[in-house]
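See the structures that follow.
After this come two complexes, each holding chain A, first together with chain B and then together with chain C.
== the complex of A and B ==
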């Protein structure tokens, strides 16, 4: 299996945005791989660059103000950054499809469900309208939308948020993509509806073997769906590991902090305090000397403020962290 | 300990007309039963968590208590005095004891005023301090909530979300209230900042003996901060109990499903997930009998006929379900 190249290989990706205050380095030196059928989660807080990473993969960064300044994105051996817009359109939706956070606003309000799904099918496959409608129905059945025949002729405003998310997933999967990019797919949904959608994504992974790039801030969702996790802070990857390793023995203080800051269900001991991560994320307008997390880090030493740590392999073969003191985190902090 | 806040059979119905065309076509006006008979109390210094999903009426309960909305029926008493039926004028002095922090601190701060002015306003309005003394009071509040004195003269847009929420908390503290209604106070914040604000709220409660009505959809946050928790569904409280009982041994099937639906970051967490089918019905046309029955995994014929009352299940635990004991 090691001989086979990964389905997707992103190397040293850099994305900048021009603003009136200067150039924002939204993503720097960002690399990852995604294997067929695998689910990789990209975790970070607001402004960390996680969504920019997904949009760059789809070549959906508006230029200007945004620009993919460096790197390569190899998909099945082709560099997506060298493709023409027409070639990219062939690929988008067909090979790599995306679902968004706001299902209510991401669907076209003046198209019926059948038209939205059919449009994507007809764009990529030479089929007539009747076949596209049949495909739409098939997809609604796949995503277990209630009363699928009736839904075909309904408009988005007639559906609830959870139903809209099912329609969006149906639309994304209609052309059987090899990669599904899911940007905060359940964040806007209530918890019982989130459970339904997580269950559905789980089911789709099993049945279709689609590789999923999951963008999220929620480590609970990560634990549910991901095989591997990549943590991003201030536009850089700071840790990467198989999901269990990352959640149980993180080697970066930021990951450790995120886990400690989350209140957990059933973990109530009286007078427990949540771990605070003091301060706020740094501005990406200025180049950052040393480790970007150092000003908020309780482990930081002098070196962290002057010299940026590179990703280094940790105990586990697939575990990488960018921290000078990651070995000191190796002792379990009970 | 006497109760600080008592809510008895509180209801808030909204009347929605059929719209311009609807009126011509003679379509009936609909009544949205957002809150439909809710009762609970909060003791001095206690935190009651009020949880539920979008549209269950939890925020409307908060707003009706604050009289930002006038209740349709029922009674709200603060320190034994009815605040739901008195005039706005009579309410004004009592409001000093009752403050609020909203979800979106940016929307709830006036963008054209410095944050210092926003924090000073309620103190000034109640004549608690003025001039140099007022400035000092604001400075003290700023420092207490973790802001710097030199930030007083800045405008809301210069602050991050977490800092703005600290401003909102400082403003609520200014009149030395007994009770603060916190409506999704940390939902808009990133997890690292959320922890800062939650810890601050816990500290302030201990220092000033504040009572909180903590309205939120995030069950883990509510469990962390509350002493007791009430779960709402479609305008009603379906279960109310001590936190420990509610989370360890929920009685109502909705509470059970809600708790089981929360994704856990622990990879060894056992998933016995109860997946509810469908969506919450419309509050304009709630199901007969038990409102949860259309999605309930254990519903029986009686649930459609008879509405279950909140009944005690052991000490300090009440659930509204015909089969809660099983």
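== the complex of A and C ==
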């Protein structure tokens, strides 16, 4: 732990959604820290609350139906949850920027690339249209888009998915934010383009020193980019560790399950069959008595169903897991 | 774009030809003998016959259609049976009040409907939305003439701040011109505002659910900018279309409104001509209305390309 306070400190964040069936606790008691220049991956399956966590950080959860019910988000010493909407607008896109999952639908179809990149620059850096356009060109060169001059006046429908994601990244980085929130940045792209975009994010991270909050369900992406990993299940953090520790010795059966479901290159057909995690994510409408993962867990014992495990420090100093049997998992399993 | 415009202009020729045929056939399809109406109560059968020959009504249909259409393409819409004056002159004389009324109504409609529809969509399910949409249903269900009389009751009879009826040409001063125009334009505008507001809300609601709206918010843009720059331009095509459609409603509304407010425009000319069975005038006015509507539709079609770069001609 460094003596300096972290760039971002999220504590006990809770987000609820009102639905016609009742209140859904999408995120509970969610805490994490992000240091400058660090890449933290938030991993979980669909519906686990990982995207809600990202939107909550930007204060972009639609209210109603969503609401940030508890916690604090300290960014450079200020609690974002106490800021006014106008103050948040100054921060969004300028200090904290975000890229989204669907590049094709995330760009406005009726505005040119230059307009879409330039407007944030004009807004936050108070420059004129010509300077914003220059900045847009610079950014397109940074994200290695082919023929950047020509792209400026093109519309999204004239670009491919991979090009759109490059434009999105250029747009997010145009005001040199300290934090980039990347919500499944490669999920909607085909494999070769995925690799290119990952390389690009990696390159940008090295060059600009931007801290990245990477939201994904893809542990391959995590292995490639992340410094630390946080695993989320049913709206709660269940494990957190540096990336190598997590990939090599997970201490939560859910993480183990995620790793088992990940294909590996070079594995023979017999030695490593992909395993799936049985069942589905539980409903978050009612409070869950024990561990939320217990019904799907092959390690579950009686205690797991009655008493919710708290996060506990594991062997490694920065390794936390919320499982009653995490010590048993530490033994090499077959 | 130019080629498309030319093609669309050419395509209006058959449309207008069909309109012309239907308009001219009206004389045959409607009961009643214009010669008998003109000749008056005391006329003998011989008088009526003489008048019929004088008006050319004894000629076969095609001959008369040929004569009429030949005049129309040269800008001659024939002569009024009643006043014996060229129809074209009558129309030009009545043009100003009608143009003033339609333009003012459309401006009022758009000025009310766009903000209302946008706010209703942004705060859908909220109080503004519910009030605005109740207003829209109400505005659309109340007939124009009922609304006109209600407005006259309130502003002219009770509050006495606006004239009851009549029209003052713009040449006689902006003040009297506007004070006479406000009520008719308002009653006609509100009905159209209701329609435009509903479509604006629906179009905006769909756009506001798109990913790029959240992206625009994530850039730090204000709600106002997100709505007006990112959302409205995407919702523009259905909105402009409905404004074009509402123009057709305006034309029929003009006939009623001009009668209620005693405005000497094309609408009144139409009503008077129908009452007197003045067929050349009826034909001429309908032809002008149809041509206007065709032109408005053409403009609407051409405007799509301005809003959406994906639409190519």
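In this text, the second predicted complex is superposed on the first by the 328 of 334 C-alpha atoms of A that agree within 3 Å, B and C clash if a C-alpha of one lies under 4 Å from a C-alpha of the other, contacts with A are read in each partner's own complex, and residues count from 1 in each chain.
Simple rule for what comes next: a contact is a pair of C-beta atoms (placed from the backbone, for glycine too) under 8 Å apart; a residue touches a chain by one contact, two chains touch by 3 or more.
Here the structure is a predicted model, which means the values were calculated and not measured.
Engineer: Kindly say whether there is room for both chain B and chain C on chain A in the superposition, answering fit or clash.
Structural biologist: Pair status: fit.
Engineer: Once chain A of both complexes is superposed, is A:36 in touch with chain B (first), chain C (second), both, or neither?
Structural biologist: Touch status of A:36: no partner.
Engineer: Which of the two partners, first being chain B and second being chain C, lies in contact with A:127: first, second, both, or neither?
Structural biologist: neither
Engineer: Check the residue A:217 against both partner chains and state whether it touches chain B (first), chain C (second), both, or neither.
Structural biologist: first
Engineer: More chain A residues touched by chain B or by chain C?
Structural biologist: B
Engineer: For the superposed three-chain arrangement, provide the angle chain B-chain A-chain C between C-alpha centres, rounded in steps of 10 degrees.
Structural biologist: 80
Engineer: Of the partners chain B and chain C, which touch A:74 in the superposed model: first, second, both, neither?
Structural biologist: A:74 contacts neither chain B nor chain C.
Engineer: When the two structures are overlaid on chain A, which partner does A:276 contact: first (chain B), second (chain C), both, or neither?
Structural biologist: first
Engineer: Please work out how little space separates the C-alpha atoms of chain B and chain C at their nearest point after superposition, in whole Å.
Structural biologist: 5
Engineer: Residue numbers of chain B touching chain A in their complex, please.
Structural biologist: Per the stated touch rule, the residues are 53-54, 160, 162-163, 190-196, 198-199, 202, 217-221, 223-224, 243-244, 247-248, 257-267, 269, 273, 275-276, 278-279.
Engineer: If we count contacts the way the header does, which residues on chain C are in touch with chain A in the complex?
Structural biologist: Residues of chain C touching chain A: 210-212, 214-222, 229-230, 233-234, 307-310.
Engineer: Taking the touch rule as given, give the residues of chain A at its contact with chain B in the complex, in rising order.
Structural biologist: Touch list, chain A to chain B: 45-46, 146, 160, 162-163, 190-196, 198-199, 217-224, 243-244, 247-248, 257-266, 268, 272-278, 280.
Engineer: Given the complex with chain C, which residues does chain A contribute to the contact?
Structural biologist: 58, 60, 89-94, 97-98, 100, 102, 105-111, 119-120, 123-124, 155, 157, 168, 171
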